[in-house]
Structures are given as C-alpha cells and as structure tokens.
Amino acid sequence: MNKILTFGEIILRLSPPGHRTMKQSHALEFFFGGTELNVAASLATMGCGVKHVSCVSDDFVGESALAFVKSFGIDASFITRNEHPLGLYFLEVGASVRASRIAYNRLNGSFANIQSGKTDWKKALEDCSYFHWTGISPGISEAAYESLKEGLKTARAMGIEITADPAYRSNLWKYGKSGKEVLQELVGYSTIFIGGVNEINEILGTNFSPDKEGFLKACNELKRQIPSIRKIFDKIRIGVTASSQQTQGRALANGNYFETGFLEVNPVVDRIGTGDAFAAGLIYGLQHFDDEKALHFANAACAVKHTILGDINYSSVEDILEVMNGDSGGRIKR
Amino acid sequence: MNKILTFGEIILRLSPPGHRTMKQSHALEFFFGGTELNVAASLATMGCGVKHVSCVSDDFVGESALAFVKSFGIDASFITRNEHPLGLYFLEVGASVRASRIAYNRLNGSFANIQSGKTDWKKALEDCSYFHWTGISPGISEAAYESLKEGLKTARAMGIEITADPAYRSNLWKYGKSGKEVLQELVGYSTIFIGGVNEINEILGTNFSPDKEGFLKACNELKRQIPSIRKIFDKIRIGVTASSQQTQGRALANGNYFETGFLEVNPVVDRIGTGDAFAAGLIYGLQHFDDEKALHFANAACAVKHTILGDINYSSVEDILEVMNGDSGGRIKR
Amino acid sequence: MNKILTFGEIILRLSPPGHRTMKQSHALEFFFGGTELNVAASLATMGCGVKHVSCVSDDFVGESALAFVKSFGIDASFITRNEHPLGLYFLEVGASVRASRIAYNRLNGSFANIQSGKTDWKKALEDCSYFHWTGISPGISEAAYESLKEGLKTARAMGIEITADPAYRSNLWKYGKSGKEVLQELVGYSTIFIGGVNEINEILGTNFSPDKEGFLKACNELKRQIPSIRKIFDKIRIGVTASSQQTQGRALANGNYFETGFLEVNPVVDRIGTGDAFAAGLIYGLQHFDDEKALHFANAACAVKHTILGDINYSSVEDILEVMNGDSGGRIKR
Amino acid sequence: MNKILTFGEIILRLSPPGHRTMKQSHALEFFFGGTELNVAASLATMGCGVKHVSCVSDDFVGESALAFVKSFGIDASFITRNEHPLGLYFLEVGASVRASRIAYNRLNGSFANIQSGKTDWKKALEDCSYFHWTGISPGISEAAYESLKEGLKTARAMGIEITADPAYRSNLWKYGKSGKEVLQELVGYSTIFIGGVNEINEILGTNFSPDKEGFLKACNELKRQIPSIRKIFDKIRIGVTASSQQTQGRALANGNYFETGFLEVNPVVDRIGTGDAFAAGLIYGLQHFDDEKALHFANAACAVKHTILGDINYSSVEDILEVMNGDSGGRIKR
Amino acid sequence: MNKILTFGEIILRLSPPGHRTMKQSHALEFFFGGTELNVAASLATMGCGVKHVSCVSDDFVGESALAFVKSFGIDASFITRNEHPLGLYFLEVGASVRASRIAYNRLNGSFANIQSGKTDWKKALEDCSYFHWTGISPGISEAAYESLKEGLKTARAMGIEITADPAYRSNLWKYGKSGKEVLQELVGYSTIFIGGVNEINEILGTNFSPDKEGFLKACNELKRQIPSIRKIFDKIRIGVTASSQQTQGRALANGNYFETGFLEVNPVVDRIGTGDAFAAGLIYGLQHFDDEKALHFANAACAVKHTILGDINYSSVEDILEVMNGDSGGRIKR
Amino acid sequence: MNKILTFGEIILRLSPPGHRTMKQSHALEFFFGGTELNVAASLATMGCGVKHVSCVSDDFVGESALAFVKSFGIDASFITRNEHPLGLYFLEVGASVRASRIAYNRLNGSFANIQSGKTDWKKALEDCSYFHWTGISPGISEAAYESLKEGLKTARAMGIEITADPAYRSNLWKYGKSGKEVLQELVGYSTIFIGGVNEINEILGTNFSPDKEGFLKACNELKRQIPSIRKIFDKIRIGVTASSQQTQGRALANGNYFETGFLEVNPVVDRIGTGDAFAAGLIYGLQHFDDEKALHFANAACAVKHTILGDINYSSVEDILEVMNGDSGGRIKR
C-alpha cells in the first residue's frame, strides 16, 4: 500500500571516459538513467517498493535497459516495448572552468512513441501511495504527455500523493504544445511541488525574485492559483565551477518555512541526477520523517549524489544520514 | 579529374568490447562508418582523391564524425549539418555458432533529414571520374532518395562512371516508397553494377539461380532491361561460422566472364564493411588495372577487411596485393 | 505453479582480461556465477519463473551479487546474508595448447556458512515444479549439505521433479564427509539424472566403459540401485584444444535411448558454465518439448554457451533453436 | 648489517576503477599490499636492503604476489606458501562527502594459516638492524601472532631495533585473544613506538587527551609501563573530506619533543598505505638523519603517498625531500 | 591570404592512465602533440586556415601522426617523411604535492633529421599572414635549426608577421650550438614576442626582476636590442600544486601596457600545452580583436586548456569567450 | 655454479590492444622484452638461476624495466644505466591473412650506447655454466658488439657453454660492420648453435637446401668451419596464417640426428618471443635432460609460448611437459 510509482523515459547516456572529448575517444561509457527512473532507483536502493512505467525498444538495447531496472528490484511489469530505438544522449564531462555538453537523441525514440491507453493505471497504482512525475516527460512528445495525464488523472481520483518536479527544458517541447500551459495543467493534478522561484515563474508567467521573500511570495501565488499543492520543496545549487558545487534546500510546507545550510561538494564526480536524488530523498523523507527532516535528508541525498558516477544515487539511507549529520567523508568504512 | 565522389550516411557504430553482450558491458567501443563512407575511406587510404557528400548533426557527435572523415584526407566540404542526431547502430559481435546482432537508430537522423537542393553537384563532381552509391541511402528516407537522385542525374549528364551497389535491406524502406522500384530507377543512371543474382532478382523481380549459369542469365537480363550497365561484379561470401568466412568474386564485364578462387579468413576479426572493401577495391582496380585483375584485387580487399576492426579497410594497395598474391599472413613485417 | 527452484553458491569469478596471466595484469574482469545460479539465470533468460536459494555476504560484494541475480528477474527473496565473505575464484583463461587455470577461495565463504533451518522450504517451493541441484553444493561444507538435504526432502514430499547434476570435484569435500556417499544419498531424492558414465561410476563405485553400451549398462544399474531416477541425460564434450570444443548429448529416458550429433565450436569464447547451459536447456526442454527434442535443445544450449563470455548463457530460446536447427552463425541479425 | 626485516600479510586489493561502485563495474583494478609489505616496498624503493617474512598461497595468485615483492628487489626467500587462498579485500573509493568502504576476506587465508616454527629467524635477521611489525598481524589469527612473537623474541635477543605500529582494528581479533593484551605484550619487545594518544589509550586502557599535553603524558606513561620503548613518533591526519587531507607529525624521542607543520594534500589520489609511508619514512630517517629530521621526512613521505595509487609509496628519497622542503608540486620534471 | 604556418616536431606522448606510475601500468595512453602543432591544431579548431611544416617517420607511427594532423583540417602537404623514428616522450602525471615527470626520446628522431633545402617555403607561405615558431625546434638538432632559419628568412622577406615563443629548455641544445645565441638570432627575424622576463633574461643575458617594472624594462631592452619586435605578450602561471593553477597575461604592445586578472583552474586535468593554447589564442586574437582583447582571449584559452586532456586545446572560440567573460563552468550545455 | 648468463637489450614493446591499428587506438599496451631477456625470464620462471647483462635508461622508463627484470628473480646487478632512452618498438598485431607490422626505435637507445669495459665479466660469470647470446645484439651498434665480444671471450676462457642464436636481421647492421662477418666471428666463440639452414647459409655464404639432407650437410659444413660448435638445434615454424602456426624441432648433436613431430597452435595469441622460448626450453633441457628430450622440450616450449601474450614465456616446466606429452589443452586446471 506504500509503494511509489514513477513514470518517464529510460534513457541511455553515452560518455567519453575521464574528461576526454568525443574526438579523443574510441569508447563511450554508458549508463541507463532518466530523471524519473533515477528517482525510482534511488528509492528502491533505500528499500522502498517502486514501480516504473515506461516504454523501451524491443531490441537488445531495450533488454539491457530492462535488466538494469530489474537489478534494483523495481517492478518493471508495466514497462511496454515498441519498435522505436531507445532514447539516448551523449555527454562530454567538463571540469573546472569548462562546462559539460550534452547532445540528445530522444525525440523519436521508444518513449516518445509510448502508446497511451495501454497502461492499466488502476492496477499499476493499486498498492501505491506516491506518484512522481517531472516536466521532462510531457515535453518529449504528445504521446508521452497523454500517457502521463492518464496516469495523473487516475492517481488523483485514487487520492494518491502526487509529487511534481516540473523542470522546464527549452530543448524539448518541439511537438507543438506550450510547455507553460501543459505544465500548469499537470501541476493541477499534483499535491507536492518540487521546485522554486524559477519553476514557478516559468509556469505562472510571474517574475518573483529568487531571495527568501520572493520564494515565499511565489509559493503563495502558486498555492493560490493551484490549490491542490500543499507543500513546496526547493533545492538551490550554486555551481562554483564544474568541479565544485554547493547545495541547499528550502521549503514551504503547510504554512511553515524551513531551510537547510549549504553542503559543499568538491570535487564533483557527476552532476547528472543530483536533482533526482533530491526528489527521491524528499519522497523517502516524507514517508519516514517530518517535513523539515525530509528537507534536510533530501539536501544530503542531493549532495552525496554529486560523488557518484552515473545518473543514479546508489546511497543507502544510512549513507545519506551520515552526510546529513555532518560526517562528510574522509574516513574509510572497514 | 580522377577523383571519386561517394554519397551516403555517416553512421556511428556502438559495440560492447570483445564478445560481450550489451548486458555484460559498461562501455561501448565506437567507430564511424557507413557503407559509402567505408568505400571513400578505403579509396583515400589507397591514395585516391575522394569527396564524400553527406549530412551530419550540428553537435559534438557530428564534429567528431567530420574529424574522422578529414583524418583520411577525404574532402569534407560538401558535408552539410543539421539539428537532427547522427544516425547510429548498436552491434553485438557474435562468435562461432552465435550470430551478430544489430539494432539501428537511423531513420530520423541527420542524414535521413538531408535537404535536397542544397548540394552544388556540378561543382562537387567537376574533378571526379567516379560516383559511388548504394541501396542503403535511398532506403533511409525520401529526402536521402531525392538528394541521391539529384547527384546521379548530374553525374550521368557529365558522363561520369557510376558504380551501383544496390543492396536491398528489408529493415529500411519505411517511408512509403518501394525498394524494388526505386532501386530499379536509380540503377538506370548507373554504368557498373556491384552485386549478383540476389540483387538482380530483387530489383527485376526475377528468379535466377545462384550458380554460374544463373549468374550469366541474370546479368544478361539486367543489361537487357537496364542498358546503361556495362559491367557486373559480384562478391560471394560463404559464412562457415561467425568466425570463419570465405570470399570469392565473379564478373561479367564487356561480355567476358571472370571468377576468382576462394580466399579463406579464419578467424574473422570484423565482418562489417567487407562488401564495401570489395567495392573500394573494385573501383581502385578499375582505375588502375584491367577488369579481371580488378576483380581479384577487390576480392583480396574484401578478404583482408575481415581482419580489421571497425567498418573501414585500413589496408594499403601493397597490403592487398600481398593477399591477392597468396602471401596470406603468418609473417611479421619488421 | 511451473517455477523452477535452484539452490547453490553465488560465486565471484575474477579473471585477467584477454589471455593475460595474472602476473601480466593490473585488473581483473569479474562475473557472478555459480553452477546452479547459471542454470537459474539461463532459465530466467528463456522466460521461465525462477527462484534461487543461497546465502551471500552482508557487505557491498554481496549487494552486487544480489543486484546481479535480480537483473534476470530471478526471485531473490529466499537468499539470506551473513558476515562471511562471498566465495570467489580466480581464472586464467588458456588458449589453444594452454589449459585454463582456476584458484578457489570458497571453503570459508558466506555460502559455506549457510545456516540450515532458516529457509521456509515449503513456501519457497509452493509454486515450483522443478528443483535443480548439483554435486558442487554438498561438497563445499556440511552446512551446505544439510541445507540442500532439507530442500530435497521437502521437494520430494511435495512430488516436485528433482534434477540432479552430481558432478564430483576432488578439490571439494574437505569437511569430512565422503563425496561418493553423500552424492548417492542425495541422488536418492532425485528423479532426473544429468550425467553420464563418469558420474555413475563415481557414485556407484562401478567401472562402466564410456561407449554406448557402457552408458546403457551404467544407466540401468543406476536405475536399479536408485529407482527414483526415471531419466538420464548426458552431455559429452570433446576438448580438441582450449579453443576448440565439440558437444554431444545422449539420454535414456523412460526406456528410450536418444543421441544428438556433434556440434563444433571454434573458437571457444568461454568454457565455464557450458554444462550448466546444458542443464538449463534440458529443464526448459522437458517443460516445453518431448524428451528427445529436449536433449537436442540442451546440446544446442551447451554449444552456444561456449561463445558467450562469463558463466551465464544469455541466449534466448530462439537463439538456441537456431543453433539446434543448424543455422550456425556467420550471419548478422539486423 | 643494515637491512630491515618486515613481517606481515601480503594482501590483494580489488577496487572498481575511478569512483565507481562495485555494482557499476565489470572489472576490478588490483594491487598487492599489506601494511608491513607497504613499509618494506617503500624502504626498498628508497634504496634500503629489505627482507619480508610472510606466507602466500601456492596457486598463481600467490605466484603473482611473489613476483610483485621481488620486483622491488625485496628478499623474498623467507616467504613460505600453503594451500590456503591469499587474503584480499574489496575497496570502493569514496570522494568528497562520500566515505570509502572496505570488505575483507583475510581471516582464513594463507597468512592466517602461517605455520610458526618454520622460519629460521636467526638467519633471517642476521644482517638486519631493524624489525618492523604492526598490530594488524597478531589480530588476524593465533598462528600469525605466534609467528610474530617468535620473530620479536629472536630480534630482541639479537639487540635489533624494533619498530611497533600497534594499530588496533576492531574488525580483527576474532580468534579469541584480546587485542589490548596481545599488543601490550608485543610492544614489550619493541624499542620504537609509532603511534599516538589513541594507540596508547587502546593498549594501556588509559584516557589521555589528544592535545600536546595529553600526548606527552601518554608517552611518559607508556615509557613507564613499557620501558623498552625509547622513542614515540605519532602521525596526525585531519580528513577534511575523502578528497582532502592534512598530515602532521609529532614525537617524543629520548626526552625531546618535536612536531612538524601541517602538509595539505588536495586532491587525495589514494589514502590507503599513508600510515605505512610514514613508518617507512621514519625508519629511513632514523637510519640516515637525526630524530627531528626523521619526523619531518616521515611526515612528507606520508603526504606524498596520498598522491600515489595503490598501497605502496613509490617515491624516491629525493621526491620526499622535495615535499619536505616545501616544493609542493605544480612543476613538470623534464 | 590569412593562413597561419607553424613549424615544429610532431611528438608522440605516452602516459600511464590516471595517476599511475609506469611501474603500475600495462598500457600507455597516447596523444600526438608538439608545441607548434598544438598551436596549429588549436587555431584550426577555432576555424583558421593552418599549414604545418614538419617531418615524420615513414612507418605506421608516422602515418598515424599524419592522420591526426589531417583530422583538424590542417594542410599537411608540406610534411615530409624519413626513415628515423617519430620523436616521443613518456609522461607520469603528478597530483597535488607530487610533480609530473617526463622522459624524452626525440634527439635522434625524424624531426631531428629533417632535411633543410627540401621545403618550398615560398609556396608554403604564399597565402599566409602569420608564421609561428618556438625555441624548442632549434634546440633539437642543427638540421631543425637550419630548416627553421630558412623558413624565417623567407617569411621575413615576404613581410609576414612572425610570432616567436622562444622558450629555452636546458634538456635540449645537445648538438653544439648555444641556445642563447641561436634564440637571439632567430628572434631577430620575428615581430611578436611571446614570453616574459625569464625568456628575455635568458636571451639577452640580462637580470630583470619579474615584477611589472622589471617586465617593462625587459621589454624595452628587448625592443632596443631587437627592433623587429613590436609587441610582447607574456603569460604568468602560478602553480599552487600540480592540481591547481592560476594564469594571468600581460603585454606591452605598441607602447601600451595591458594585463588581465588571474583565472583559477582547479582541478587541473592536463598542464601540457597550456602555453601553446595561450599562443594560439593570441594569434587568433591578433587576427580578430584589438591587442588588449587578444591578451584576454589568450589568457582564457590558456586557462581552459588546463581542463582538456592531451596536448591540444579542443576549445571553440565560443568556449573561450565564455571563460573570458567569467562564465566559468558549473553548468551543463544541453 | 649452474647459473645462466644472458646478454642483450631490454626493449619496450608498444602495441594497440586487440587487433587494432595504431590509427584506431588511443592507448598502447606495453611489455618489456628483448630476445635474450625473453630467454632469461623463461629460464627464471622454470626455476633456474639467471643473470642478465644489459644497459637501460636512467629515467623512470629504465626503472620500470629494472623492476620487471627483478620480478622474475633475475639478478640485475650487472645492468648499467645511461642517459639514452630505452629502445622500443611498435607492433600492430595482424590476424589471419593480415601480417603483423613492427616499427623500431632502438638504434640510438641506452643499449646501443652500452659502454664496453664497464662489466666485470669474470665476476658476472663466476657461478655460471651457460652464456646465451643472439645475433640481434651485435647488429644494434658497435658498442653492443664490443661488449658482447668481451663477454664471450671471458666465458670461453672460463670453459662455459655458449649458446648462439645468430639470427640475422636485415633492418639492423647500420653501423658499418658486416653482419655475416661479425656473426661468423662470434659463433667462433660458441659451443651450441641454435639455428638451421637459413642461419648457416647466412653466416657461411653457402646455399644448402632446407630439407633434411640439406640440414645435415649445412650442419657438417658449419662444424667443419667452426669446430667449437658441438651441437646444432633448429626450430622450424610453418606459418599457415598470422593466426595459425606449426612448430617442429630438429637437431644434430654429437653426431646424432633427432627430430620432433609438428605441434599445431591455433589460434596464435602472440608470435613474438617464440624462438626465444625455444632457446630457453633448450637450455633448460640441456641442463636437465638428454639432447633428444631437450629438443622435444624446446619445441613444446616454443608451441606453448604462442598462446601467451607478450614477449615472455610464463610457462612452468610442468606446463611445458604437458604440452610435450600431448596433453594439448581443452581442460581447466582447478
């Protein structure tokens, strides 16, 4: 009854090893990920029951993706397959003053061609208490948008908690719909908002400032316009360089404001998926702790993910609690 | 005045190292190739002047592809770029009784979206004596078909020798046109046919047998229906296992029949691109030798390619002549 | 109701890459395996429902082993954990005239210290129709022997088909019990014997010859002494060199003798786990085909495993049927 | 006459490359090490004559360990072999806020089963002036404890300088003896103590504070209770994060107190073996410099080891002197 | 008419992966480079037309070097080949307090044996506006010195801008000539001096101080003694550790003094070729910007090169401008 | 008293991994070897006492070479060092019909510049019964020739058995002396000739045929002209392809003719050093067996070396005896 359902693309990441550029390489390390799968895998690693709904290719690349999902113990029985290739992206990892670069190949892939109407959402959601989605999925294709909406409607009707991470990406939304409108619509089904001033301004077309006051105003405006939202959790990331980052969380939950201190990570091993680690930490926290501790736990999960290669946060609850409690490395656990 | 122009997709091949499956891997070796580029690169390695016409992505993957093309000294100034991702495929390499497997991602890529009308074919062809094309390109998309037809028309009008390798692949031709009809049309612009009974049956809808008599009948029927074809060169490959192959060539050129003996390759290092090595060897041979020697040279080029990793035949003319002359390895060249 | 339960060690294999010796290496490729897990994973890959009962270490090595097991969709809920290290072995892979070498570290590991009495065998077996065991497990430790016997007794009482692969390994059986006696006892719970003249001679103390006549006599003597055995399936492997192998199967099932032809594999990619591939193919075959076809399927599964790196046969049913039907490679599946 | 004898396990370290976790890897980099061998190898690299006494497995893993030891020019003629597997450990390397993790497999290995009474200690020690031991060895097994005690007794009788690094590890001492009592007994044979307040408190059951005053009190109490100890050298390591460390040395030698400044290392390449580098630097320093310079040299050796992969300090005397003299990198030595 | 010609050795760099020492490795990563080729390749990457004049071995190592040069689109038609081996060096990469180490093998290589009188300098320079050289080339051999002088004389006569980077390396100059005298002579052909107080002191035998006042005095003395020099651009690099560097530029150009702020790079990925990145950035800047902006651009190019593996700066103009404008990483470019 | 002294270059081999060409690689696997060191290392691996006399570079490359030599337990105390770079070669490994290619860089290296007069040959040889040399060393440089002659003279005077492997390589002998004359001179100091009709024809300027009759005539003529030679051992290698080889030995020893059958090796892992494995096997055999068994042992050593990566035969006496006795692989030694 306490499972978490996630919905989204399973994407293949291809990256030259070390800090090489693609021109300097003959091989690419690969990782499976995808913003919502990252949340799913982190939650499963923390011991939660998780289901992931998606669509992968019916070739050996899709088979490998499925094996990866199953290795976490995630329930993959609602993942369909079609004849389109698995979405993927190339990543050149930056360092210090050099930014990382990504080249996508996802707009005509298996997930972009997911068929709505084929998922038995009632059954998928029957033992779930959380549904997590992000703004990436509806930006990929109309089909993905339709599928997601189906799920959200069903979940809403079943009274399930819905966490929305409505990140807007300008390199998506090529299929004709407006990101602003779609995200506003879909947030309307949700109960917990994972995002801050930027995301609220993007969705509402407002112009709040990023300071605390602006955050509070933005939150209140969001709740005014979309009353289903009860709690708002925001992560703030200060990128000193590509190799050094600071993370902080703040929240307005049921009228109470919380914030965490800054956690510093230097050097950064991998920046991809750190927001997803925050979301997973938050959902775990909301299931096990009070709102304030959930925020601190999410922020620590986000920080520790920066030290882990690939898209997924492989940390256990204990690992994250250590970071949250300030035991920030330097030891060897024998 | 003696350059060779090739037209076709530049495709990225991604393959688990050794004989691993993708499930067993965390990295993929990559190679740039593409059936017509393979011909171009082999010809450039043999010292010919070569131009390649194509379209690649405007991201760092496309940049890497261009650097690869240029590293051979191939003229890349007629390669355009667009915002679609570079076509690619995944390859699991078989061994012995286990077949290799390929999963494609090319039908919505940069080459599939090549814009016809943007290549100045007259200028591209002005110092060329050969134009090489294959049946892969027109099978990818209507845009690729249109671009190719433009080039063929111009080349034909300029009296340039046109080599056609009209391989039919059933996993292409998804855009609405019939492979049979298109290939028949495009072979109609060509002067040299690289293919045998299978390819002729495919294009003409005939049913000739694969023996010598069937080959001769098929050739004559092809020449009857498509009189522009003056010479037909065929490679025969007997795959004993995924690790052991035999190659042979036969030809009907200006009324004369030739054939070579079998060359055995065991173990096979890489089977991809062996037909392209044949085509490149043939074009080189036609430029430098008589038809019969050209066939033997092409067959040796095909054999030696089986021992080279990746899509490209990196052999020099001298290397190929050694194999052609029966000096089949076992030595160390100090 | 048609699941298969397997019981045995999950072992870590560590091997220098390529044909390197350990002295020439700075890294070791690793694979999880174990003779019974190999059977489980192959069956799961073929689409069967599988449960594996074992015990792994409670450190990150054991975690990785569990993730591996789960990636196949195998039910891992009956795998316990303890504070002993995961069993492992080192493998230097031979070639041609050079034999492979193995160095074990398993006799004090987590599986050797598995606690009997902690597995709810009734529950584990409730939806199973097959129980598979081998002679490796009871040779490792008394604890492993006791656990296995518990399971066999329960399965026998529930009328489940029990497949015994009683390979005798002289480098085991260090804990005081006689391999011959234990294996005889445990075969006594079994219904299907996977082995031939060598194994029967070992267990019964007989001296039958390896030819067909000897095989039939040995089988009949085995059935006489151990009447629970109804069918006997034997694989014959002729190792020409470390790089070239031939496999054949023969069987006496319900009074009928069958045999297959020889399948040749050259080059061999990996010899480990080929017997387990036979056993998995056999169990799949017995569930889906008649006895004779099951034998041919098992032999083809054994052959194709020689071409796959690691301990596990990653082949699908379709892959194996192709080899069984003589379509022995050389093609590329696009 | 001036050789150094070390006694201890040769252990195999297995580690995923880069910052990968084991779940994300298919290969493990390996290094031979072991706390006392690390001291031996560093001393040999600095040009000292060194003998190492140990026991390794009689398989190819043990052979590789021996070749590694010999590659330093260390005298390996007192290393015996037995049928038990070589001890090993797995290491997941942390980064920044993420701690490193170790999983051991050593308690039933070849060194744990070393046979006392088989080493001709008189002969082994005949040209030695130093004997170095640590608290790891007697914690592994009673056999290792007995062997070490034999050696210490002989060395003491021969008037050899004995350096004790009595690190107490709670994950050892599983065989029934108390670490505190054994270490107290063995320090009683020693003349130089490498350790500080923590180690003294552990052995004596005292509770001195870690500041300078506590250090001096602890040293005096140690010398009071164990009068054979003439000098005490302590390293202090401040782990800012897993990627950033600071080292300092302090000493009470023949009544004089010395301390060094802090040396900062960022980023840390490898933390394992840094204490052993300190010990080796100290022994070298005691043989070639005065006590104070020896401490500074040891501290610099410890710092520079943090920048070297593996367990061993590959630095030359010149390399260490440069760091000691504040020439802390940034140049390229051409 | 606006091409840049560079002259110098193409050298092969061989380096253990990661921070390994050669003793710890079984493989060496390789990169082609060479101080002047680094400038050429960076300029070509920025879109400039570049020719490189050199001599490589007539074996497959030389072939690979040529393919590398051509991959940038650099005109390689003035590169000759001879029977001597390609020059090379080994690099052990340091970290933090550990310095990097280089071992050269270049003094008897193909470039050292370049034949003067074989380059048609007039033709090579006919469409060039810049000629770049460094003090490395004339230090390698008399033949290299003579070839360079030929080129400089021709360029000077044609009124081409000549940029001199007269770094003095004490491990060169083994063939009998004095570095000081030769560099003074060759700077006499040049118009732009890339270097600072150290280089000027080296060439003139003066003793100016490294502060701003000393710099200005040194520049004026250089211009007094060598009046062909119109502009002097200097890079200052502060090596905090092997992993952390700061760069600054200053210049005296046509009587005006400029300086940039410090750019910090931490961690450093690769220090080799950072001076060459400065030179390439400067030449690009002089062709496209005013002197002051050229200096800032050169300094940013130098900084960003520290984050790129190998000898070559693969950055685009846009990449460098971002760093110059203070957008120092931390983002991901999607 | 029964040690073996070898003299010759320690050379670094650099090779693209797998069957890659250098153009397709970014890394080179490396191995230390050298024809006489290969003999030394194989003998040491078989348990013999071995000394190697050579000269290596005084940089970290030379240090690594020394560590490699010492790892075998070879006495390296007669290896000097100088400021010249270590000799090296590049190897592209062929396959099947494609030959391997080598590019050398050794003629100006540390061994080519070995200083004669610096080795105390008396001391070096005092406990030796065999001195092994090959025709490579005197072909490298006059200095190497002079050093070798010194050693041979001393050994001869001391009555030590001298094994000559006078392979003539046309890519050496660039320093002015005639290979034929020098080899004739040096064989004059030797007692055992390792070579056959080709080598004898090369040295004597004769023209014997390669059949048995020619072999016997050539041997007798060699013994007539150079009476110090008492035994002649020849290896015959039939290279079917680069991947398949056959080896045979024949000998005329003290008037008796012996020959072995053919041993087939398929696939070949590494052809380099197979002649050296024969020589080492022969010397071991002569020390432990009669002449005929020595020949069979040498032939088996040669065969098994083809299956081992690198220049060195890592086989034990037991491994070689197994191959000699026809136990040609296919098993796994557990």
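When the chains are written out, they are named A, B, C, D, E and F in that same order, and each has its own residue count from 1.
Methods note: contacts are C-beta pairs under 8 Å (C-beta built on N, C-alpha and C of every residue); 3 or more make two chains touch, one makes a residue touch a chain.
A quick note: this is a predicted structure, and the numbers were derived from the prediction, not measured.
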item	value
Chains in simultaneous contact with subunit C and subunit D	A, B, E, F
Chain at maximum distance from subunit F, centres defined as averaged CA atoms	A
Chain pair showing more contacts of the two, A-B and C-E	A-B
Farthest-lying chain, centroid of Cα atoms versus that of subunit D	B
Whole-Å separation of chain centres (CA-atom averages), subunit C against subunit F	45
Intercentroid distance (Cα basis), subunit F paired with subunit A, Å	62
Where subunit C touches two or more other chains at once, by residue number	21, 23-26, 31, 67, 71, 101, 104, 267
Complex contacts: residues of subunit A adjacent to subunit C	67-68, 70-73, 76
Residue ranges of subunit F in contact with subunit B within the complex	18-21, 23-24, 94-102, 104, 169, 171, 239-245, 267, 271-272
Interfacial residue positions of subunit F with respect to subunit A in the complex	24-26
Contact footprint of subunit A on subunit E as seen in their complex	31, 71, 263, 265-269, 303-304, 306-310, 314-315, 319, 322-323, 327-334
In the complex, subunit C residues that touch subunit D	14, 17, 21-23, 25-31, 57, 59-61, 63-64, 67, 85-86, 88, 90, 92, 101, 103-105, 107-109
